[in-house]
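Following are the structures in question.
Two complexes follow with subunit A in common, the first pairing it with subunit B and the second with subunit C.
Presenting the complex of A and B:
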């Protein structure tokens, strides 16, 4: 019950705030005097009436700019947003000018981009217009109550003092809207279009197709194996994320326990050695290891000369003349997880070392006095403490692994070839994560629409898992256990 | 309230910069003649110096005109990927491999060649065919060596034995060496099928029509070709090479024969020493008869970006960079096999072992490969299954059916 309420709260609060805002606006329009009512048309009117001349001029100038922008650029683009352009590019070579004559064509991508931008600006402009009315109404109230009305200078000074947080935040917020939110909206929109190799601007137009892409993601027919491939890859992505997270986590803790053990000598040297592997750029390590484990690589040459390859073949584990470390689906999956342990364990070791040093020694001491053996102490004190402290890290690590592009792509690109024809028909591989598949779809196949669809799916998967895990792992009541 | 003004002002600033920004972009194609012609050329890393040299010659020949030509690095094999990301930002003149031409034409990136006769009459037929889409000539060929053929070590494989896979593999086994080829690639694997008379056709919707799961015009069954590939792959003397790994494998010195292209000629010369030889691809056993292995003949060509602001001069430059003299220079400096008829008939070119082999292979059984984007991954997967000797013993007919079906999907 408590949980449900918690999740609902921000949403209801958001809508309540909007409702309140609209109510205030309505009230301002209803009860406002001539200045407020005039502001409906001329935004500066309300300020002029209260003697705030400069502010009035600025606001009116802004209003004119917004109207001009919308009339000349905004509305035409918003109009095109419905169909994303109708005039296809045509060019004819003119031998006398030695140039191509191009018609006034529509670029669907720009239509979508500027359409979305203009729409967002329009919404912001309307909101500002409403805010303006409310503000002038508040000014009217102040004047009626005989309170002091700020001059422009006082307004500016206030922005540096009482309201400094607004000044500080306005730039980052704008940045986020322009560089994160707007592109995100455009990319989400792409999922509902047919933007792909056959519909690539500027030469071709693309248009809205509704939910067709989502439908084709989940249909498996003989010609389109997209649904099959998506399911296979999603399952492996989740398996991978679980294994990659758990193995590095457990491995890191064991390693740090081993290094911190009283019996271990040269503790600092061991720690340094493992940390050095962090110092080597990950892609260098991965590319080198890929070459080591290639079908004709060093490891295979060694194994063949040592007779191990022949032995494995005799056992029936392999059918090739080499050990298919990165070429057979099962072998490759195991190899990748193993290599990921090598790459990931040092980070965990560092974190675990820090946490282990912080476990209150009295806790262990009293447990020991009560007759607990080392394993019991590890199980009942060390591990719960670790899990509590590193819980958030574990969750982020899990989502990071779902999107672990580096390890999979660098280890298998150009090396791994699928023998599953159904997967090949959709450009997938057994060892692909959703992100690597998405990357190849966009970079090699220019299938932007499906990439957007998969992107949305990846987001949904990550969001569900993170929300669930955070709620489950980091509930407030656990804190008491350690106090 | 006041904070709104700040954000409002910032918004306004953003809007104005945004609108001013695009307003300018649209108005800059009103360049008048007579001024400096700005052009951007893309060439492969190894061809940078050569390209710059040729460009300065071009500038000398057109002294009346001021030029500002810059050269950027872009490999022929990846030109398409970079161009299609943003055709308007791509180079005016660029080199690309012939298999990319359909995608480039579909994206309206390639400018139609105006001086058709010079290109058609000057270059070998196959290269002109590869530069033509639906009867329209779209590019200027400059190299005809982008194909694969057989390198062999005379000390291991005799000239006579180099004519069939069976004897090559037998000789290699006897010498403790291996014969290598890339199977897991839609480019290499197709050679077996082209040799047996099978075809691939590219349709307007980006799908590929294939007859590999049927019987070819020469009466050979597709399953027999697949079985022939498996027979080669299962020979202990055969080494399946990963695409792009051939240079490494040649360098190990364990090979007695290898199917590769001119890009590996230096590596092969070093590995084979005085036994270095090259010839057309061998025959392979297919349903009890010997069939000449075909190949996908590849060409390299210069394309002109239709979105270029200086299309006319870009075409002049592309024509110059691919004319007889430039191709001759290119061969002398970089040993690139010319597509120009006169240059390719010169003695120097004919005496080059690798180039002679690729020319002979193109003439004998080279096919201009026309396939859509959905062909490559399924064909690679099919080749890998063949290379592993069909480990799951799947029905060859259904393997071929799956391949044909996957390739026949319209692109995207």
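Presenting the complex of A and C:
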């Protein structure tokens, strides 16, 4: 909850920090002695001057490696980042081998990928170079003040003590940068290119197209139906997220109240029964349930025997000889939300149980003495307490539901087909969420550019909701109420 | 009064029984169908007409081109073990740094982590696929391990919440005794955090067993023996395969569900503690 309290413009703070950093760098260059100035060229120089030989050698070796990388791999790719390649793949007759050979073509995807990686790498290298100057300058100050200068051994020991966070964080952060930040930057870039089925490397090139993809996300015309599909899917995504979050939340609390009621015997057994249903991996249970509710599935057989199918048909709710649980748009939406209750309630039950057990007894006791009845206690103590504790969880749950791939995909893939031509033209379905639509665009149509645009939209939607929720719903001042 | 109490006790139990029945029904169906003598899906009866163990013997000892359960299980196990080791270390390392240490840029890093998680994980996975493909790591164990554990550090919040509840005085006492930060981490904080360590280890072990989406993107060779359990089993339910593989799917599902389910049930005890403990005592 730490990040809630101080929401005082992290952006300005960030730029201020950068400004401060550059100022310090300038100061170091200006006031530095010969060692610091030499470090501008040879990064280890400043350390040598202060007797930190090993550190100096290591830093210089690193510098050489970085320079070599950039000269031979980095810069050529960064150079191609501007146009993403110009030479298309062709078969050219080679007179010496007397065969047709593939020319030395550009692969736009690799240009983009390694261009971005090299660029990020270069920025990091420059930042490190600046940090290095600043450090050597600090070292100079220490030497001038006659303070002790660490030996290499002491530096290493520092990494286990005051700078332990550096040791702890470097590998995980590197992992996050390589497997999360860099790919995200690449995909955000793809949103501004024309990378799709007709521009697939290595055979074809793709290039920058500016905001064209964002424009087509909001256009609906005879040929482009993305605008229509996007609107439909966005609305359903939000409806789904609200229903999925609220139903499982309320259901989970009710269930945990029921299980933890004073009247209930064998509490543990009941809890385990419900937990068993989520202990089985989702891809097993959801695939099973999808066949459970299939048009010719077992539920439909029972319903037909019981005469319910006939009754529904009589009412005009269905026009088929079976209940189209997962094949008709409206039925499918209701079924999916119902099944999601099945999936989600046990989780919430577990969490609610934990929270309910933690409610300070004194609070309830004093309310009871004041003559509050059970419902009043629930309304004015249990529920606000629940909301306070699980508030942030509720928000993350909401955004997780916006991105809930498993439930929708496993239940409807290969089962649900849309009859809406406009949706089908842009690979969407009535029951698709933005994420499943994104997936379908990439896996079925290789339409990476639109997938990237949709991914950015998902981010924007989630960011707005999270910011809104944390700023208005979960106010910081509530923190003291329960303490 | 007491009669009313008896009535409501009965009502509560009947209601719970009905609900539990609904929740457990698909699992029972999975279990009974896995012992069915009929290969396809029985659409007219809940319980199979003939009982048999042949689904288990076939899926375990007679793999064919479609069902290669032993290979899938082995793949998933290898990936899960390495993912578990790397992710758990990453998560605990980040959590400790974020919870117990104060340094420049800590807040900023936490804000960035929140922001990164607002992007659909799927989006970065597309680019990760391209990156892995360019270094020939798609369809390999190493690639999958990277995918699952590379960015694991982002999931530090639960463990951080737990570390937050460990009294600062304990650590301060250790510093006074002259213990280094690393020593404090290993000898004071970790031993006190058994629940959250168990939770972290089990939950990261479970990821490869339950993930379906990422594996489907990275393991796209179409060669059955490369797959993980999730994709393999999913593939068995393709329309043209379902009539001959449905009950074998159930047997495979049971074989995964039992070990994974047991681990999950152990883990959930710590799950609640982890996500609520922090904010209550904090």
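Heads up, the rule we're going with is that the second predicted complex is superposed on the first by the 431 of 483 C-alpha atoms of A that agree within 3 Å, B and C clash if a C-alpha of one lies under 4 Å from a C-alpha of the other, contacts with A are read in each partner's own complex, and residues count from 1 in each chain.
The working rule: a contact is a pair of C-beta atoms (placed from the backbone, for glycine too) under 8 Å apart; a residue touches a chain by one contact, two chains touch by 3 or more.
None of the values given here were measured: they were computed from a predicted structure.
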{"item": "Contacts of A:366 with subunit B and subunit C, given as first, second, both or neither", "value": "neither"}
{"item": "First, second, both or neither for A:296, with subunit B first and subunit C second", "value": "both"}
{"item": "Partner chain in contact with A:178 - subunit B first, subunit C second, else both or neither", "value": "both"}
{"item": "Partner chain(s) touched by A:93 [first = subunit B, second = subunit C, both, neither]", "value": "first"}
{"item": "Partner chain(s) touched by A:200 [first = subunit B, second = subunit C, both, neither]", "value": "first"}
{"item": "Touching partner for A:405 - first (subunit B), second (subunit C), both, neither", "value": "second"}
{"item": "Contacts of A:62 with subunit B and subunit C, given as first, second, both or neither", "value": "first"}
{"item": "Which of subunit B and subunit C A:450 touches, first, second, both or neither", "value": "first"}
{"item": "Of subunit B and subunit C, the chain that contacts the larger number of subunit A residues", "value": "C"}
{"item": "Which of subunit B and subunit C A:131 touches, first, second, both or neither", "value": "first"}
{"item": "Residues of subunit A contacting subunit B in one complex and subunit C in the other", "value": "114, 167, 171, 173, 178, 294, 296, 414, 443"}
{"item": "Touching residues (chain side subunit B, partner subunit A) in the complex", "value": "1-12, 14-16, 18-19, 22, 29, 33, 81, 84, 87-88, 103, 106-109, 111-112, 114, 184, 205-206, 236, 239-245, 248-249, 252, 306-313, 373-374, 377-378, 380-385, 388-389, 391, 399, 402-403, 405-406, 408-412"}
{"item": "List of subunit C residues in touch with subunit A within their complex", "value": "5, 8-9, 12-13, 15-16, 19-20, 22-24, 26-27, 29-30, 41-46, 90-91, 93-94, 96-97, 101, 103, 105-111, 113-116, 118-128, 130-131, 134, 146-147, 149-154, 180-183, 185, 209-210, 212-213, 217, 230, 233-234, 237-239, 242, 246, 249-250, 253, 256-257, 260-262, 264-265, 268, 271-273, 275-277, 279-280, 282"}
{"item": "Sites on subunit A touched by subunit C in the complex", "value": "1-3, 6, 10, 13-14, 17, 109-110, 113-114, 157, 160-162, 164-165, 167-169, 171-173, 175-176, 178-184, 186-187, 190, 255, 258-259, 261, 263-265, 270, 272-285, 287-289, 291-292, 294, 296-298, 300-301, 342, 345-346, 350-351, 353-355, 358, 389, 392-393, 399, 403, 405-406, 409-410, 414, 434-435, 438-439, 442-443, 448, 451-452, 455, 458-459, 462-463, 466"}
{"item": "Interface residues, subunit A side, partner subunit B - complex", "value": "55, 58-59, 62, 65-66, 69, 73, 89, 91, 93, 95, 97-100, 102, 114, 117, 121, 124, 128, 131-132, 135, 138, 150, 155-156, 158-159, 163, 166-167, 170-171, 173-174, 178, 196-198, 200, 202-204, 222-225, 294-296, 319-321, 414-415, 417-425, 427, 443-447, 449-450"}
